[in-house]
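Take a look at the structure set out below.
Chain nomenclature is as follows: A, B and C, assigned in order of appearance, with residue numbering initiated at 1 for each chain independently.
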Amino acid sequence: MSERYDAWGALERLRQAGPLVHCITNYVAMDVTANALLAIGASPAMVHAGDEVEEFVSISSALVVNIGTLSAPWVAAMERAADRAVALGTPWVLDPVGTGATAYRTRTARDLSGRKPSVIRGNASEILSLAGEVGGTKGVDSTRGADEASGVARELARGLGCVVAVTGATDYVTDGTRTLAVEHGHPMMTRVTALGCALTGITGAFLAVEPEPLLASAYALALFGLAGELAASGAIGPGTLRVRLMDALHVLDTVTDREIRIREV
Amino acid sequence: MSERYDAWGALERLRQAGPLVHCITNYVAMDVTANALLAIGASPAMVHAGDEVEEFVSISSALVVNIGTLSAPWVAAMERAADRAVALGTPWVLDPVGTGATAYRTRTARDLSGRKPSVIRGNASEILSLAGEVGGTKGVDSTRGADEASGVARELARGLGCVVAVTGATDYVTDGTRTLAVEHGHPMMTRVTALGCALTGITGAFLAVEPEPLLASAYALALFGLAGELAASGAIGPGTLRVRLMDALHVLDTVTDREIRIREV
Amino acid sequence: MSERYDAWGALERLRQAGPLVHCITNYVAMDVTANALLAIGASPAMVHAGDEVEEFVSISSALVVNIGTLSAPWVAAMERAADRAVALGTPWVLDPVGTGATAYRTRTARDLSGRKPSVIRGNASEILSLAGEVGGTKGVDSTRGADEASGVARELARGLGCVVAVTGATDYVTDGTRTLAVEHGHPMMTRVTALGCALTGITGAFLAVEPEPLLASAYALALFGLAGELAASGAIGPGTLRVRLMDALHVLDTVTDREIRIREV
């Protein structure tokens, strides 16, 4: 199984390349996303001005767009950056934070999802909302399970022509044809802010080194989740968990000799 | 005393409800505020766009407004959100960061304080400035003691018809008639940025589960301060203090079996 | 050597003064910069609104300008704040993050560098870009060594009439006539986001208590680097490093009895 899903090989390529990952993300997530990307071996940059996003995309290996604290000028920059990424063949990943919570958020997320992202990564409520279902969000947290959303994710992936990842107790990632289940992570991770956003950032880093978005997304889910497990073991609470997660992303290696739990479903 | 001021009962209700707390707060405070709210059991969301603040308030259980890094579009959103909260009967708390430091800041804080907040939480300099006294602030830090400001806080509470909390070595919280003194916290907490802002966030969470703002505010002060004491004991410096504080908020429980030091003065 | 370069004496003055340091910095760096400044004993404030930056500069002991996440309204505020600082004789330090990565960024950094900063602090790529050399940046990270840039830094310092600090494995700081080399720090510090930005903040704090910008800058480099070394010793990865760095800045003292490695070159 580890031969088929070579997450460790992708991690090694990531660390050798140290890809520049251009992030247009929310204020809450910037610190933890940048630190997670640095810890795992990528080179993050947060750049959002309309005056420079297109030029910055052109020197980056991947783009991350996250609407967590969206506002009109930022949305305009996201659109320009996404369009430029597509024009250049640069992979990009969308995190539709809180879609379904307000009409503005839903409208923005749907618009961006139509601009040919390589991957969309969200919780169950967000993915259901993107697919047109109503309800199930509590602010930026999900009230629905990922299992519930995996069928809808497959439809959405087919309709948009991209990969869709739904995260929860089990994560599902699908390109509309194949669906992979990833069994990693720890419940205490939901008690640290913006770890879903950081995972989206890590997905961007894997997109820079793994040409198959389905695999890039699965590897990000598996290794970020595994780092979370390592961090949670011995953590007293969310404070130590976050610190240990950054350490774990940095030291994560084949020597940890953990099984990568990715399987086709 | 613990029967009269049932902070533990309120904490239990908070954890069961997991209230959605809508925060319009400053850039510096977002990470630590979101993490403190998650650690104690609430569900925070940072949302500031004029296009969605009113809708977001309508799905939230409490609103937190903090002017730390204010600018014109944010202030406009704060005003709309606050007015909507009042219209809906949703409790809201104001943190007038740095009032008195600049004319713009003072004007904005006074305007917001007139929009019927449930609670205003500030340091002595900020509360004195709101009440019309001049001087005593050093940027966002206070140069005055909370004791000095408690009488003024009582007048201010009476004038505005809200609860006013002044934090310092001893914290005072008053509705203009009754005044409670809270004896919790640790001096090293002033060496970690935005812990006052995080406390204001926690106050929002308690407002969502405790109908009496005077008590909600006192419980937030007492339990956040107690978590800070637990965190400081064994902390080497502000780095470990912050990490341990997040852990402490998470594990805080009656089993810690600490006295809650709230008394009427 | 420690008599000639009295970093410890300057640190003591800093802690006694607790200077208010006005920061207009990037979203990613705000938390860690504020925490580093508080940990070492200064009083930071992040204030960026055009409506108040000039007034805020007038009550501050130093100004820090960092273009990491620049946009038009922020740049306008930076210019006004910088001009006001110069008019008042308040020292200010510029961090030209990512200069060279985009035309907008380069143009902004050059404009600001012409507004009489006391100190410019950047990595080799940024300093080379400011001096008109092309290439060598990967987003916000440098692909060039500080040694390579020290000659150019000297020319730049002479041309602009300010101090220029180039950070790398060895740091160089020059006023165009004298050049000091500082040998402190740890490679793992590059795996924590915004530590360069935090160092620029600390430089602002030393400018508030040390009238000679060359020395203020060297002391900031030496003591921040020394704190990083203490933090790295025993750190598992970048998560613990950051926490330990904040602790080290707080407890840093002559009793640590470490040699300060500053020498004229």
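Quick note on the criterion: a residue touches a chain if its C-beta (ideal position, glycine included) is under 8 Å from a C-beta of that chain, and two chains touch if they have at least 3 such contacts.
Please read these numbers as outputs of a predicted model, since none were measured by experiment.
Participant: Fitting on CA atoms only, what is the rotation between the copies subunit B and subunit C? Please report it in degrees, nearest 5.
Facilitator: 120
Participant: For the copies subunit A and subunit B, give the interface type as same if over half of its residue numbers appear on both sides, and as different if under half do.
Facilitator: Since fewer than half of the residue numbers are used by both chains, the interface counts as different.
Participant: Quick check: how many Å separate the C-alpha centres of subunit A and subunit B?
Facilitator: Measuring from centre to centre gives 33 Å for this pair.
Participant: Mind pulling the residue numbers of subunit A that touch at least two other chains?
Facilitator: 27, 31, 242-243
Participant: Show which residues of subunit C lie in contact with subunit A when the two form their complex.
Facilitator: Residues of subunit C touching subunit A: 26-28, 31-32, 68-72, 98, 101-105, 138-141, 190-194, 235-240, 242-243.
Participant: Given the complex with subunit B, which residues does subunit C contribute to the contact?
Facilitator: So the residues of subunit C in touch with subunit B come to 18, 20, 22, 27, 30-31, 34-35, 38-39, 43-52, 55-56, 59-60, 73, 242-251.
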